[in-house]
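For reference, the structures are reproduced in the following blocks.
Next, two complexes with subunit A in common: one pairs it with subunit B, the other with subunit C.
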Partner chain A sequence: MAASFKELPRRIVQIRNRSARFGPRNPLGNSTFRTEVSAYRCCSGAAAGRSTHFGFESVPEGEKAERVYKVFESVAQKYDVMNDAMSLGIHRLWKDSLLRLMNPQPGLKLLDTAGGTGDISFRFLEYTRSVREGQLRHRARANQTPSWQEIAAGYGSEGEEPAESRAVVCDINKEMLKVGKERAETAGITTGLSWVVGDAEELPFNDDQFDVYTIAFGIRNVTHIEQALQEALRVLKPGGRFMCLEFSKVSNPLLSRLYDAYSFQMIPVLGEVIAGDWKSYQYLVESIRRFPDQETFKEMIEEAGFFRVQYVNLTGGVVAIHSGFKL
Partner chain B sequence: MAALIRSLRAVRSLRGLGSVVATTCPASLYGGLRRGFHRAALLASDSKSDQTVPPPSHHEHYQHEDPWPNTSYQDQSGEQAEDYETEDQLQARILTAALEFVPQHGWTVEAIAAGAETLGLSAASAGMFDNGAGDLVLHFVGQCNVQLTEILAEEHNQVQLGQAEKKKTADFLRHAVETRLRMLVPYIDTWPQAMSLLLLPHNIPESLKHLSTLVDDIWYYAGDRSTDMSWYTRRAALTGIYNTTELVMVQDSSPDFEETWVFLDNRIRDVVNMANTAKQVQATGEAVVQGLMGAAVTLKNITGVNQRR
Partner chain C sequence: MAAFKLPRYTYNVASLSVNGKFLARQQHTIWSSDHHYGMLYPGHIQTSPLQKALLAVGSGVAALQNPYRHDMVAVLGETTGHMALIKLRNRMRNDPEGYTILTERPRIRLSTLDISSMSTLPDGSLGREYLRFLDENKVTPDTRADVKFVDDEELAYVMQRYREVHDLLHTLLGMPTNMLGEVAVKWFEAAQTGLPMCILGAALGPLRLSISRLQKLMGSLGPWALRSGSRARCVLSVFYERRWEQNLEELREELNIEPPPIKLSAKSKKGS
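Then we have the complex of A and B:
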């Protein structure tokens, strides 16, 4: 079964026309397109004219967003259960690694894009809260036997408490946000969390708002990745950090074969059995294969204008964390 | 503990040869990093009478005096929000700004985050430093070493121009080590934490390098141009003196660290005595050997073994 999928003719047309935004009627523009334009729909405007990948299919760009929406709408209820089943719970470790790499200080504002059910935001709030408690305890201990100079210095200026951190979960899909809100209520997290509907390519926020921007397992579903990166650059404060947790290329050939076998044979079956949705999970594993590898994605981030871009492989390259700074 | 550190340092100074031997002029060693806070050091020596690290408000001067010439080697897109400086320079600026918060937060990532905030960057940019607090300590040590080198160079110039008297070696060493240790005074409460950071295994290569260049610089300006075994022994000795004095200083509570300077005096005198003693022992040894040889020849003459028949 895996073999047949590998031999599937890849009628993917990835047309990169960043410099030349010609309409389909322009004869000069037509000559720059590749010859495999069988999936190409012409004569209805520039956006629908280009096509992109949706898993191993190719669809017009305008349609991809809609189809992704439908995929996540149908999986929303069983999303967390499926995550645990498919990754055998390892996805929790991946997300914990992301937070550890981020090492946020109390008082930071996080934008969790494609945050869906809020995994990253919950961890962020927990992490900063425990760090904050540690700092308060340290401060209290230091103040137990203050010298006269310290007491005198303390008059007039109240000691600065470490600030509260805030997380904003932004997702294009209302169903996912609904599930996330319910989870927040059951977990008892009430303050410091907001839920916003928004498109990663066009964020509903002003410039220079956030200290950290994360997108975990979401960027491969975005139609125009470069645009999402530019939006990330826009909403980050100077000095802000961009972090992306995403499936990536496995370098080890043996592991890669096992991983492919597992992805194409087990995961859609799990999807059918647990969530009753084969096609969505088929899309999931295909979209992972279509996503650029670690180095290519790093270059894309650098091109968007981030500095000091680095990546870390987890689980042998199954997942990679990319990090960049807006300087 | 001190003996352990002393032996460690002795090994380090021997191992640090490769980098040190190639350095005839200490200024070449620091490259871009030096450029980054060369100004800081200059402004510090201008604005302060006692030679400590630049005052907290210093980084504001520093900002106004930018821009650097366009040295954005790591520039990708051709347009930068920054004042055309490289990432290294920006990191140096952040760390210098973070030093102000060390008395409050200790040598930690929080201090770096607070420093970044004063520069107008988000606290998340402290994530740029993979080594965290270790980066901050190493930056500070490097900065102090550069300052010391400049002070010593300045004094050397003064001596060359005839405006000052040339010091004797022992006095010079004492003056140099005291100047360098006085730079720690603003951070002396948290300095044990910094020392422990410097001793972490992944920081040891860097801190060894800083120590060996420090010792080499001091000996260079003391006038040492030796090319034999004494090159090693001198540096090992000064390393030992510096480290033990640093340890004494950390737990010294006398006013203006008097006891530390007394200790320093004694150690330098010990080393000088030992050097003299070593020379004497060698001379005595040679004299004794010659005496024995003479006695042996005389004996041979008396017994007639030497005669040819």
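Then we have the complex of A and C:
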């Protein structure tokens, strides 16, 4: 595959910039965004239609979705093991924080987009179930000695079941959903959960369906983030909540350097040793650097039409939870 | 290794593989659709010294825990073998046949072997015995992992050649691919190449053998392998692809390898 001459100027720009960053013994990777990103765009834009980023690479837009699909297809089996290894188990705390912030009451319908192996949905069902049990217990305690009027009033409503919480896991990748289904079976979760293949930019659901929409560690892999946000707005009921858990920018410079060193040195090595796949995890850490920071993302959410957009930083900004409402 | 190279125009990659031979003399940066900077050969991944150290430790642990993870054994070999590879390469350069190999870069793949003509060769010839070995042990030369973490293109080829010659070594030594045979070959390779991964494998391999096999190893196979390994001519320097018709015994004599003291059959493959 001989390189086309059109791509040569881009490669020259790439090489000069790369060598400036990667000297013979410099650690790989650099956290700062470079403006040569826009240089790539204008050079390649002329040659091959619109292009976007795939980690630190530049790829045509049509290609990104396919390459992301391949990455997750190959990591699906070891996804959960790798998450634990890379984040030293902290990703569980992050997901728990998301649920606590959500504080869902029983009877809600959740859309877990890019839900993959189902972590958020499992937690959601567990949370609402324990809240439900608490409510029932409370009600039982309050009804220790009912008067005959209360008993009579209770007769009519026996057929009425309290609304069940439901979670729909939607992911573009069938391999991830397969792993998620297996996990659900092992955990013994049978009711209230459904698995749907779908693209976050074009959800296979009608308007105004869900009470809560979450997307955890998925939105940075989407090619057109604005479209995903608009779809989220569409499928939420009025009053529904949008929540996004995603890697973000670390503001503290010392922590940022440690985080970068860890990301670029350790994580691909872990990927190679545990999953036998260096490149997918190199993509992972690069894609984190390409994602907009907290404020920019907040503006994007507001632009899509959400109100009361807020964000909370976790672990010093390594991860941020953004939340907005559809009114 | 220079970090900054003036961008070279991609010379036609088709010329890289003519009749299965990998022609490349100097270090050219290879452009591929992967856009990975500093890629010295297809499959190359640039790593910093820290990453190499982490890889060495991680792959070592992973390989010990699960010896069937051949990719981890391969990574361990690549990250720890720099000095040994340099010595091997120099040995090859000093040998006329080895020098030809370094220039012509032959690869042993099913696609480059002419199976039908090789099977018509007389019994006892290298080609015929090699095919018999592949058949009996149900292996193929195409399962070798590509080299990823060696930061010099010529050394990467030496490593790749070492991996591809491994099966031929089994044939030369007459060892099957069960645990005992593998350990014997590892001892030979450790004595020959000095690769840390071979030495580690040679030291830890016997731990998984049963007592009777351990006795065979310590008694006759082991010393024979070490002797042959240290005395033999560099096995990587032999252009096997041109010697298929040569008689196996003759080849062994030429390379200074003693014939195996015990005959091991591939049927005894019931683990260790």
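One rule holds in what follows: the second predicted complex is superposed on the first by the 263 of 327 C-alpha atoms of A that agree within 3 Å, B and C clash if a C-alpha of one lies under 4 Å from a C-alpha of the other, contacts with A are read in each partner's own complex, and residues count from 1 in each chain.
To be clear about the criterion, a residue touches a chain if its C-beta (ideal position, glycine included) is under 8 Å from a C-beta of that chain, and two chains touch if they have at least 3 such contacts.
Since the structure is predicted, the reported quantities are computational estimates derived from the model, not experimental observations.
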First, second, both or neither for A:Asp211, with subunit B first and subunit C second: first
Touched partner set for A:Pro146, first subunit B, second subunit C, both or neither: neither
Partner chain(s) touched by A:Gly316 [first = subunit B, second = subunit C, both, neither]: neither
Which superposed partner A:Leu108 touches (first subunit B, second subunit C, both, neither): first
First (subunit B), second (subunit C), both or neither touched by A:Gly305: first
First, second, both or neither for A:Ser58, with subunit B first and subunit C second: second
Intersection of subunit A interface sets (partners subunit B, subunit C): none
Subunit A-facing residues of subunit C, complex: 1-5, 7, 9-10, 12-13, 31-35, 37-38, 45-51, 54-55, 58-59, 61-62, 69, 71-72, 75, 148
Complex interface listing, subunit A residues touching subunit C: 1-3, 8, 11-12, 14-16, 18-19, 22-28, 57-58, 265-266, 268-270, 272-274, 276, 278-279
Residues of subunit A defined as touching subunit B within the complex: 101-105, 107-108, 135, 211-212, 236-241, 302-303, 305, 307-308, 323, 325-327
For the subunit B and subunit A complex, residues of the former touching the latter: 74, 76-77, 80-82, 87, 90, 109-110, 113, 116, 119-128
